[in-house]
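What follows is a set of structures to go through.
Same chain, two partners: subunit A is paired with subunit B first, then with subunit C.
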Partner chain A sequence: MSEYQKALYTRTLFDDAIGMKKEPDRVPVMSNAFTWPIVISKYKLSEVLRDYDKLFEIWYGFARDYYHDSLFDFGWRNPMRIRDVLGISGDYVFNDEEGTINHIEKHCLEVDEYDEFIADPRRFMMEKFFPRRMTNLAGSRLNAKNTFVAGMNEFAALGQYIGKLAGAVAELGVLLAGGGYLTYFDIWIHNFRGLKGTLTDLRRIPDKVQAAWEKYAPMYEFAAYDLPFRYSPPPPIPPSIDIALPLIGSGLLSRVQFGRFVWPQIKQVADKATVDGKTIMIFAEGNVEHLYEYFLQLPKGVACIQFEKDDIRKAKAILGKHCCIIGGISLELLNSGTKEQCIEETKRLVDDLAPGGGYIFSEAAMMAFKTDGRPENVRAVTEYVRMNGKY
Partner chain B sequence: MMINVEQLAKLVGDLEEEQAVQMAEAFVVQNPSKEEVEAVVAACQGGMETVGVRFGTGEYFIGDLIYSGELLARIMSILKPLMVANNTSKTGTIVLGTVKGDLHDIGKNIFRGMAEAAGFVVHDIGFDQPASAFVEKVREVKPDIVGMSALLTLALDGVRDTVKALKDAGVRDSVKLIAGGNPITPEFCKQTGIDAYGGNAANGIKTCLAWVKK
Partner chain C sequence: MEKNIEEEKNIEEMTIAEVFEEAKKELNFLPPIDDVRNGFGEVFLTTFTVF
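What follows is the complex of A and B.
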């Protein structure tokens, strides 16, 4: 098979699992590795995330040496070169000895600035948000222009790296996951008001928050959905799933808050994706069992949901006729269990979750630290699914 | 009584911030007695207990706990001048921090808010704190309890180091130890010699209250 045929075959595995019209040939395997392949390598985390040659070496090696069908992260989550150039790296604290990154919360919108934002969001973004969030844009117009150009060049360099990696791993039959799309709630937490600020605003000034998001939405929808998924040509190598939609903070919300502040946006993007023939992977952090009633309103066959702390068998029982389920093997077992124990658990997961289709195997949580799995165990479970997860 | 304490407790428990704040503001301008101030603080504690119970039953979520901490801090800032002036009695003293290697402080801050609401004096030493900082603070303020918070699995080493440093400094037996955060489990606490597993903030406070009431 050519590189492109191999890529199409893998894409078909994911499409069949998500589309739920037929069982795929076998259970697809999605990687949940983030910084883990880097922190178990010979390199420093802070060094690799700033060096595309080393990133390529790590992620190509990971695709070659393990048996995932798709990589979810492959260096896009922490694009340090772009952050450095724009001046948004100050909230990252690296510990290369331990292999960790801590993030420090940064607010770019004060609570008394909502009215100003709502009155003219574009102006607020240009005059206040960007200089606060991207500190290298502050200062003279010339400095801002030079920083902007340097930032665009770094975006292009990231794009080149991703294109090169996508082509190389496609020869192995491995695909990269598609572009990211965030909820306004998570954008607010990470960029505008911080976690505590956002959660408090939802209680104290919910109408203002909603008004601000309504004003922000057209800008974001164009940049994060329409431009990449409607107006750009499709990538030469197809992604495993088209749109990656992380739900980072939603598990903290009550079902009523989620229903008012987050769900309408997800429903809207799912409806758009259905029209556009795109697939969505919802990456749900924490426990989201209280939100299943909403997930049942997703258009059937357009989304898959990665669970982290939910009972995945229960999730499959409740949601399984409606959307595809991703997840399964615990990091604790991958780190402290024997190879045999890991394979036994994987067999149980596949036996319970694969029948009828609509299941993608994965590590149950983001693999970020050295202790999130032993390489031989991760290799054994992914190999098991590839060899035995056949329908 | 110049204030309906049952109603205040209900408002706090229901997270009705504006009405609860209005009641507190109306109360403090009436020159209340020490006993009346203590009854109002107790009402807030009762409201926070309701928050803890509702979190335990799944009615409230973590976002509600974080918000309840903000609500309570606002009411306490209104009552604080009276509490200082009246020398309102304290429940106990806690030294609290996120251990070395971990810069997360939201869980710690929820716990702090609830502990202060329960009447504890909390010495919060911040996040990414080495074991020596815990030891130093324990020597300085001689607390009843030391609380350690960790979110990253790797920060479990920081918790172990802190327990060891407290033992090495000879102050371990003068305090009760409690730990909380995502990677902390009852088994880990048992293995590490920590007296109690925090679970969620509300449960942790219950444990601390039980210790100081003995």
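What follows is the complex of A and C.
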């Protein structure tokens, strides 16, 4: 098979699992590795995330040496070179000894600035938010222009790296996951108000938060959905899933808060994706069992949901006729168990979750640290599913 | 030198949105679409916000 035929075959595995009209040829395997392949390598984390040659070496090696059908992260999550030139600094603290990145919250909107934001969001973003968030844009207009040019050129360099990696791993039959799309809630936590500030605002000034997000929506929707998924030409190598939608903080919200502040945006994106023929992977951090009633409102066959802390068999029983389920093997077992124990658990997961389709095997949580799995165990379980997950 | 001073002066009189439109002339890379209806700088800085 040619590189493109291999890519199409793998894409079909994911489309069949998510579309739920037929069982795929076999259970697809999605990687949940983020910085793990880097921190178990000979390189420093802070070094690799700024060096596309080393990043390529790491992720190509990971695709070659394990049996995943798709990589979810492959260096896009922490694009340090873009952050560096724009001056998005101070909120990531690297510890190369431990192989960790600590995130420090940064507020770019004060609570008494909501009215100003709502009155003219475009002006606020241009004049206040961007220079606060991307500090190298502050100062003279000439400085802003030069910083923007540098940022765009680094954005292009990231795109070139992704294109090169996509082509190389496609020859192995491995696809990259598609572009990311965040909820306003998570954007608010990450960029505008921090976790504590956002949760406090939702309780104290919910109408203002909602008004701010409604004003922000047209700017964000064009940049984050319309431009990449509607107006840009499709990439030469298809992604495994088109849109990656992390739900980072939603597990902290009550069912009612989620229904008011987050769900309408997800439903809207899912409806747009249905019209556009795109698939969505919802990456649910924490436990989201209290939100299942909303997931049942997703259009059937457009989304798959990665569960981190939920009982995945219960999730499949409740949601399994409606959307595809991703996950399964615990990081604790991958790190502490024997190869045989890991394979036994993988067999149980496949036996319980694969029948009828709508299941994608994956590590149960984001693999970021050295202790998130032993390489021989990760290789054994992914190989088991590749060889034995046939329908 | 004289040209640089002139360029700096003109840029400093622009709105920030105009500055980002001006920046397009210096890019090695442009998105493969014509329609960036919300303004070039706004769209891509919003994209960078997720990083």
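Quick note on the criterion: the second predicted complex is superposed on the first by the 391 of 391 C-alpha atoms of A that agree within 3 Å, B and C clash if a C-alpha of one lies under 4 Å from a C-alpha of the other, contacts with A are read in each partner's own complex, and residues count from 1 in each chain.
Following the convention adopted for this analysis, contacts are C-beta pairs under 8 Å (C-beta built on N, C-alpha and C of every residue); 3 or more make two chains touch, one makes a residue touch a chain.
Predicted model only: the values in this text are computed from it and were never measured.
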item: Touched partner set for A:G327, first subunit B, second subunit C, both or neither; value: neither
item: First (subunit B), second (subunit C), both or neither touched by A:P24; value: neither
item: Partner chain(s) touched by A:R122 [first = subunit B, second = subunit C, both, neither]; value: second
item: Partner chain(s) touched by A:I88 [first = subunit B, second = subunit C, both, neither]; value: second
item: Contacts of A:P239 with subunit B and subunit C, given as first, second, both or neither; value: neither
item: Subunit B versus subunit C as contact partner of A:L253, first or second or both or neither; value: first
item: Partner, of subunit C and subunit B, that touches more residues belonging to subunit A; value: C
item: Contact residues common to both interfaces of subunit A (with subunit B and with subunit C); value: none
item: Subunit A - residues contacting subunit B, complex; value: 93, 95, 98-100, 102-104, 195-196, 199-200, 202-204, 249, 251-254, 257, 290, 369-372
item: Subunit C residues touching subunit A - in the complex, by the definition given at the top; value: 7-8, 11-12, 14-17, 19-20, 22-23, 26-29, 31-33, 35-39, 41-51
item: Footprint of subunit C on subunit A - complex, ascending; value: 78-79, 82-83, 86, 88, 122, 125-127, 130, 133-134, 137, 140-142, 144-145, 148-149, 151-153, 155-156, 159, 180, 182, 187, 190-191, 218-220, 222-224, 227, 231-233
item: Interface residues, subunit B side, partner subunit A - complex; value: 15, 17, 58, 60-64, 66-67, 70, 101-104, 106, 109, 128, 152-154
